[in-house]
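You will see chain A twice below: alongside chain B first, and alongside chain C after that.
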Partner chain A sequence: MKTLKKYGPFYLLMLPVAIYFILFSYYPLVKGLQTSFQDYKLMGARPYVGFANYETVGHDPTFWNAFWNTLIIGGGIWIGGFFAPLIVALSLNEVLHRPFKKAAQLILYVPHLLSWVVIGGVCIFLLSPDTGFVNLLLGKLLGLKPINFLAEDSWARGIMIGSAVWKDMGYNCILFLAGIVAINPSLYEAARMDGATRWQQLLYVTLPQLANTMKVILLLNTLGILRIFDQIFVMRNPAIAGKVDVLMMYTFQKGIMEIRIGPAAAASFYVVLLTLLLTVAVRKMTRFDEV
Partner chain B sequence: MKFKFSAALSAVAAGVLLLSACAGQDSSSPAATGSSEASDSGASAVSTDSVGGKLVILSGNVGGKTPEGNEKFAKALGDKLGLDVTLDKPASDYDQKVLTALGSGAKYDLIEVSDLAKLNAFISQGVVTDVTDFVQNSPVLSDPSVIPTAEWDQLKGKDGKIYGVFSKFQGATMPIVRKDWLNKLNLQEPKTLDELYDVLKAFKEDDPDGNGKADTYGLSTSGLYDIQGIMSAAGLKYRYVIKDGKRTIPYASDAAIPMYEWFAKLVKEGIMDPNFVTNDTAKMRNLFLSDRVGMITYWDAWVGMFNNLKKQEDPNTTFQAEGMASIPAADGAILMRRGDPDFWIIPKNAPHPEAAKKFLEFWQTQDGILLGSLGVEGYDYTVDNGVYTLTDTGKQANMDHGVPFWYNSNVKSPFPALPGVEDAMALSKKYATLELSLPTWPDAEKIVTNYALKAMSGQMPAKDAVAQMQKELKDANLIDE
Partner chain C sequence: MGIDRYDRMGWKNKTFDALNYAFLLLLMLTMIVPFVNVVSLAFSSGLASMRPEMILFPKPFSTEGFRIVWQSLDLWRPFMNSAVVTVCGTAAHVLLSSLAGYVLIQPHLPGRKPMVSFLLLTMMIPQDAIMIPLYLVNKDLHLLDKLGSLVLSGMVSGFSILLMRNFFASVPYEMSESAQIDGAGTMRIFITMYMRLAKTGLATVALFEFVSRWNMLTAPVLLINDPAKTTLQVALKSMIVDTSSTSSSFLITTNVRMAGVLITMIPLLAVYPFVQRYFMKGIFLGANKE
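So, the complex of A and B:
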């Protein structure tokens, strides 16, 4: 009781946040779980059917195709989304001309602020086989024939990975730069006194000191791997659907387009479960708790 | 303390869940009551002066073009019906809004739907009220001059009962050609696949827009269903066709191979817009309106709208769009694709089903059709001594507030039809038929479109694409032969 009196105001401050999460995160989660065990009709009786929806989804080859697509595209974004901003942040850190550095940061960050509707539209326009800038450039510089990037299987996943990495590079880059700025300058000073070159300072001071930031970014990227949707929804087309349709797209199609709510809920719980497993694995691998 | 706080949180969570569960119960229970209310209400037509009260509508197309226009539309509708009308017209993601509304127990008296597969899904989900008795006993709706009797078959469920009422007359898609380009190049409207190739090639190579640049394409499309007008040349109907009791998909048959090869030839020679795989319909329309392409495949109603839009832009324009019949098959048969109808359903949890029925009858009358086409008097149009004049707002709406065309043959538009549209509509009425969409179509469609587009764009030999299509469709038990 004493503790409650002492910390009461703090608990009170927490209450709106707790209510928010209960209402908008946990309640839908519980409701979704319930739905995944029901023969869910939009109206009328909704009998429980045990694991039937999970079995339906588990035996659906489209689900497994979407699963592999998710792992490949999500994995690509996970790796690219880690290394690309790291390299850019390390490069920007070497830039001494401050206005250029700030301008570069701004330009890199802007795509993160735009929705996938805008970015997807820009990508479709840039990659168009007749008037797209990329094909015009390839034609002028290398004399290549136009490539229909967004209609060919061989390019589809690469385009999705590349555009996603590009879009969010600025955001992760800023996190890395913040980590770099926080490194104790005396470490560099000591390294210089020991005769370390810039490359050696990067290898033996900057990177080890960024370890904690890297862990956070890896974990944040992991949480998003299986939830890719907006990008695919905007940039997919029937010709490449088999290569880019991901788990959330499968859920959307089952739930919204085909009105099969039970299997859609089951599929989304597979996603929740897999995300949980991936997150635990990454935490273990990176020894996240030792941050 | 920790325990107490957790317990308190759990109690809050449990309370919320309980309340929500109650809400869920509440939302489903009217379904039952609504059902009985609605099912026995069709014994006679609705008395037009006895309903009163409220009417809540969820609409995808019907209504004003702007929030302000929509408000005025709802008010005008309410005045005509003597009801307090709420018209919810989402700006986007309509299907999701409908599903969310139905799933969450939101109560609407009428929901506009434009997909027969969705209607079947809603019927099996127990969402839709049977309106058979109401339709058959309604002096308005049962009148064949208002809605031809055979048309009702479209809105019947597997049990033979009627589950919806039309909101407008739905036309067909067809090849739409630049007639002025044909004239300029001294070409005739193509009647065979070879003639079509020659015309499209000329559109590509003979500078039909006269700007001295090779910047035009012969043909552009968006989506596979759009090519029906050309696939007709091989007698191929889109989606399913039942042959001797077996499910077949003509686009996945060997007969489709030469057609895909024909398209691949167009792509290879630069006659076809190379963006046809990624095009949405808006891009395709813009290409047509901006003199970049000589032929597209699209809705008959758009023939008139294309001509009207260009006329408004430049009164001296030479632009002339014309709808043409599909290319006939060897036996002379012409296949055209009629679109799924736009129709209203009364959800089983509708709080005011009688008001909904009053609306459904009104919507097919002169006043209802004027509102659905021209819009709101004093806002979209004015009437002076019997002379109708469109306002600027009305002109922008193109006489379409959800009902550009209607079934009721007794109602004539006060304005002449938009240029070219009547001829296009005549073709639709003569040749267009509905497609057969079985519940397995969404899965089959992915396979068919994937390989068809690969074959058409030349990424894959047509023969291999069709063989792969057939294999995957059979493996997934989506076709019988």
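So, the complex of A and C:
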């Protein structure tokens, strides 16, 4: 009775949060799982159909196309989103002119702050064939004919990967820089005493010492692979849809546009399953748990 | 680490430094040039903005684009919707996260461990993967086409709760114990002590939430159909991307679109200095999950 009096108010404070999570996290998850086994109609009876929805999706070539698009685009972003910010962070670390370093960090971070509508919209304009800045510049410098970057199959995925890596570079770069700053300075001193050059210090001190930061970033970015949606939603167009439509786009189209809720829910659970698989794979690959 | 980190005299080092600066400068230009291009286009006249030229300076200077996008295309309406959703959503998010964070720092609270697990598990559920059932839940609650659904979406998160808990944990618990002995109630201690001492935490969570809410796209696309309730991101998307589907009788010129882009960016650029200040603290405390 005394504990209840003492702690009662705390449980009361926690109540809204608990209700929120049950209603908007746990219940949708369970409901989604249930729906994936149903012939779900917005009204009327919703009979259970076993694994039929999973089979429908599994036999849908559009799904597999979206699956490969996700792996290629997501994989590209995963790799590029690791190396690009790492290189930029190492390069920034070599800059001793503090105002320049600060300004660079400040500017590189801005695209991460902006939405995909803004970034994607600006990309579409910059890359447009007739009045786009990029094509005008290429024409002037190299005399190239305008390229319709966002309508050609061979460019579409590269543009998606490139713009995503470019957008989040500043963010991941800050994480790497934080890791570099945390390295014990006496390691560099010792290396210098032994006559290590600048390049050797980078190779034998900085990089090995960053191993943990690298693992964390790789793991965090893994979760993003299957969640790509906003970018594609903004930058896709019918000409390249077959090359860039990812799994989330497939779910969205099945569920919201075609109102085929059952198969959409089944597709969602393939995504959940894949997320788990990928996470485990990356944990194993980076030996995350052995730190 | 001082200036004497390397011997910077050799020609090799000098070349390296030069290349390094050039690389970073080039990278920065890929961000500065598009921005300058967008700004100049937005402040150009309609005709000038449609010409195939690399425009890095508005000529002739005109605010016509802003006038058209704000008044003729009614961008003020989605702007206000976004503002309402962002402000209400952020306020609710900060309040709920800090309340829950406050509960979690009570050292002897029975059932604290399961509560933490309950929260951590929500962070494992990929929100986007459950977008179809989330749509159904909102439909069942009659929230579709209501701005309330956007405030509710992501109204609290495990991440923010843990962040607030970690900020509160830096306030010595003895202080709240002695306040209790002096007869202060639970809420009073929370407001007068924790909310005041963990201002940095409140600011961090508020800024993160502000940015992600202003940029929110999936939720409004999913839950809002009524054009009067649409948010700025969705309105901008249809203005920029879905050119063919715009029903307006006149052609939307580039300066108008770029004015829309700038208007969408302004609130974020306004809070950017603060984001810079709180960003690092947020990442590190957020990473610490017990």
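A few notes on this one:
Criterion: the second predicted complex is superposed on the first by the 267 of 291 C-alpha atoms of A that agree within 3 Å, B and C clash if a C-alpha of one lies under 4 Å from a C-alpha of the other, contacts with A are read in each partner's own complex, and residues count from 1 in each chain.
What we mean here is this: contacts are C-beta pairs under 8 Å (C-beta built on N, C-alpha and C of every residue); 3 or more make two chains touch, one makes a residue touch a chain.
Not measured: the values here are computed from a predicted model.
With both complexes brought onto chain A, simultaneous placement of chain B and chain C is prevented by a clash. When the shared chain is aligned, chain B comes close enough to touch A:Asn148, but chain C does not. Once chain A of one complex is fitted onto chain A of the other, the partner contacts of A:Val88 are limited to chain C, with no touch recorded for chain B. When the two structures are aligned on the shared chain, A:Ile259 is found in touch with chain B, with no touch to chain C. In the superposition on chain A, A:Ile19 makes contact with chain B only, not with chain C. Once the two complexes are overlaid on the shared chain, A:Ala182 sits clear of chain B and of chain C alike. In the superposition on chain A, contact of A:Thr62 is made with chain B only, not with chain C.
Between chain B and chain C, C contacts the larger number of chain A residues. Of the two partner chains, neither chain B nor chain C is touched by A:Val280. In the overlay built on the shared chain, the residue A:Gly32 is in contact with chain C alone; chain B does not reach it. Once the two complexes are laid over each other on the shared chain, residue contacts for A:Pro238 go to chain B alone; chain C is not touched.
Of the stretches 25-33, 241-249 or 259-267 listed for chain C, only 241-249 runs into chain B once the two complexes are overlaid on chain A. With the contact threshold set out at the top, residues 3, 11, 18, 23, 26-27, 31, 124, 130, 237, 255-256, 261 of chain A are in contact with chain B in one structure and with chain C in the other. Taken in their complex, chain A has these residues touching chain B: 3-4, 11, 18-19, 22-23, 26-27, 30-31, 41-46, 61-62, 124, 128-130, 146, 148, 150-153, 237-239, 241-242, 253, 255-259, 261. Within the complex, the chain B residues that touch chain A are 1, 4-5, 9, 12-13, 16-17, 20, 28, 31-32, 95-96, 99, 102-103, 105, 118, 121-122, 125-127, 223-224, 273-275, 277-278, 347-349, 442-443, 446, 449-450, 453-454, 457, 459, 476. Every residue of chain A that touches chain C in the complex is listed here, in rising order: 3, 7, 9-11, 13-14, 16-18, 20-21, 23-29, 31-32, 35, 88, 91-92, 94-96, 100, 103-104, 106-111, 113-118, 120-122, 124-126, 130-131, 133, 136-137, 140, 166, 174-175, 178, 185, 188, 198, 216, 223, 226-227, 229-230, 233-235, 237, 248, 251-252, 255-256, 261, 264-265, 268-269, 271-272, 275.
Considering their complex, residues 1, 3, 5-6, 13, 16-17, 20-21, 23-24, 27-28, 30-35, 37-38, 50-54, 96, 99-100, 102-103, 106, 109-110, 115, 118-119, 122, 125-137, 152-153, 155-156, 161, 185-187, 211, 214-215, 217-218, 221-222, 233-234, 236-237, 240-241, 254, 257-258, 261, 264-265, 268-269, 272, 275-276, 279-280, 283-284, 287 of chain C touch chain A.
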